[in-house]
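Letters A, B, C and D mark the chains in the order given here, with residues in each chain numbered from 1 onward.
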């Protein structure tokens, strides 16, 4: 299959969405990104790598970091994680406190903010440096040693972080936080503020298309663990539009309000698309359109 | 792959769950089924059919009928259906009124009771006989002309149906029901009360593994429609345990409180397992265990 | 105190609200009332009666009937009523299903629709004719034998009653309805569709200002029961604006979407004001303004 | 009326509840209080003061402080307060986040924790020392210069304050907090941790029975403001049991988890009762029973 050609077509489809959606502006640092940027990369399990547009341009990965904190927390600590966080879709916006209140401080899944705070807390306990572990993993898999956290974004997140602070304190009030609230939030803001390109993320996620094996052949996750992470991405990876994403794109995917979406074709490849304008659910309009085109044109989806 | 051997093993795993869970007893007719019955069938896209245990024993399909009402409503009416029902996981128990209230009478998805009532209403409008359309389709695909509705179960559902009546009236109060409440509910109870065996259901669902093509080669759904039905099954098919089912089993599936679960291996096969005891979320304990074993042992899952 | 003079002033204040709010239009029969009508009556415990404007003009009492069903259910059956309905403010709009779902079919209080359906059910069981009992009581206390139900309004309520039917079926699904859903709803619509004037209602409510004693000196409620009904009116009588009504008016009161509000000055008098335009919470703008003026000008309130 | 005699009887009724309910133990400092302590004081508008039992024993006033922060915020800043906090019963437990989420960070009323945090914030802005203002007011009205904050309780509240911190951050995320979260919470914990006796509180609340006039004859609130504070106490003063309190006791009242309840007989007197054991809603069992006896025996209630 000529992937490069399909990416070129997908980019055209994505660019036709110009003007739709809104760039995230809840923190000033994010609002400065060029609204019509677009890039897309594909990495295959057998070593092919291609891309279109701004595919080597770093952007703020935001919630895509939640995928890597989850994976590293499982890799270091195994299934103990699931005592403190569930695996069900939330049916509510990504930063909701409502379910936390009725469900005793156990977040629904690791990909809503509350769940990612719990996962960050566990990874911090396991490694001593949660944000550093995520950064180092991304650097290693992408072979991009310059990849790192944007300090301005991290500071901006912290300065506008009352809602995440509310979530963290609420979780702590239920005894579901091992570390100190401010320290855990610090790591959370640090890994959300990592900047990486479509290329970097497609490479970094490739172990999920290789049943848990890293670029160097070593095993990060067991085969069943890798499948299960893909399952959680599918049911919970795109905020409260997971059903829509499964319906339109048909791949496990994790999105971020920086405009990136990382998707997995199990056994075969990863895709990462990026465009800053977001739909009402917080997912990139252009990246959704590009991924939709890719799976429709190729017939490659998990369904 | 020796499917028969794997089904034999899966049945052993399922039987080891004896005594776990509870038979549905909200209507008397369902409570009379033998609690430790178990059957499992597999049908492949290229015509193989095998089974173990009580795989030819008819049982009450209950919510599995929602899959077929959905498919037939799409086949007859296309995407117009989605104006009245969503495609997102509900995050709430299957008969919840809460989301209906905050979301203006548009049920979250076609597999919660509220959504299936809307779908039944549309299928009734499209065909004039919603329950008959489901029954006839199942008869045709399974080549089992004796398959039909259990009148005692249907009457029992109606007699204990205040909650479904509440849902239907509430939907009607928002103008989202085309037909008369009592008529729509009558068809809903009729198709839920169909009895069919694991064999029948595995055959009837096979078009979902064949990208929309029926047993006779005719097309029921377009390829993309079939994929999308599989996507909705994965995200919404097993009540508020869809995340857990995706995590453990990793296949699109639809369950019913009669104890059956129908699952799809896209491009390859369907599986139907049945055991009356249910877990807290309303899914069969034995069927879950058997399907979990199948995908673990074969490595066949969509992830 | 020259009550007549104060009523004249209150009517001026009320008329200054002309154009504010909207006449209830959820049923066509209610929408036909003259929007700028206004009347107000005062009846004292020692026999004085006065009024201004359209105070002898009958209007649809709607939810004010809930006060009389409650009082008659207590008078006939005592405290057994409270097993099936609570006494707390709901904090949600008057026809909400949400609390019913989380609170097992026990409505929060007798003045939300769900609670009034339960009270109607109990009064039906106690008297054999719930709507007739309310009508006969109002006729007797007001010495107005022509007072009765508007059949057009009752039919219109029934025809647009899906939401109340949803409530009733939901309550029945929790086993909290003794009678048949349709029969109970029939009586509910009948008593809501009674037409009475400000004069009639002020006289009919006077036993609440006389510690439970009727016009003929006989006792309808014990003294403590009468006080407690006043307490429930204050905390729950004006939908989800009970706090605002207590804050502004400072009297126990019960409102209806027909635009009437009946208020009680314990030990002293009753007031009934009427104006069809409603605020967002469903209470009459003009009646609220008139009652607010009355308590401010006289200094008479319970606080 | 021989108030002293009625207090003696009320104390007997209260002591008959021994063993019922549980002493608040969410902070260790509160759990150490003698569970069977009981006191009750009455102060009249014309200067009478009497009491029974431990009526001069200081206890932790906890949420009763919310009444005084409210009153002082109104006295210093007037009605501007109501832009940031509502006046409706919440229908949910006192520390709920749910309504904050659906109602954009505007707490339902000043007596739930969220509302009291907003009021504390405003009082801090108005006076520069919110906790000091409350303490000084209580000292002045009670003529008890030794009255003050228990530093151990305040420190304990702060150490176990994750839920209040969650509320404050959530309110701040909606822009409804003028001051710094930690500073506002510090003042909140300080005024909740004030210790005062039934005697002190009955005297301090007397302005509410005197239409806004303080002990020295100066005016703290306008007459209408005082009435309105009484109205808010009635509809919102006893957590989610305000309906029950109005029904049983029939007076405006404000309770605290330290076991105290301060109640007002407008125009006549104040009552303060104290017993550490709490019912499920967080109100003192003994104090409720004593106040219930008082209003039943005397016939004095607002209804």
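In this section, a contact is a pair of C-beta atoms (placed from the backbone, for glycine too) under 8 Å apart; a residue touches a chain by one contact, two chains touch by 3 or more.
None of these values were measured; they are calculated from a predicted model.
> Among the listed pairs A-B, B-C or A-D, choose the one whose interface is a repeat of C-D, with over half of the contact pairs the same by residue number.
Among A-B, B-C or A-D, the interface that shares over half of its contact pairs with C-D is A-B.
> Quick one: chain A and chain C, Cα centre-to-centre, how many Å?
Roughly 55 Å, centre to centre.
> Hey, how far is the Cα centre of chain A from the one of chain B, in Å?
That pair's centroid distance is 32 Å.
> In whole angstrom, how far does the Cα centroid of chain B sit from the Cα centroid of chain C?
47
> Which chain C residues reach two or more other chains?
none
> If each protein chain is taken as a node and each touching pair as an edge, is the resulting graph a line, ring, star, complete or other?
Basically the chains close up into a ring.
> Once bound in the complex, which stretches of chain C touch chain D?
Those in contact with chain D are residues 86-92, 99, 108-109, 223-224, 226-228, 230-232, 234-236, 240-244, 246-247, 250, 252, 266, 296, 299, 301-303.
> Give every residue of chain A touching chain D within the complex, in rising order.
On the chain A side, the touching residues are 96-98, 100-102, 162-163, 165-170, 172-173, 181.
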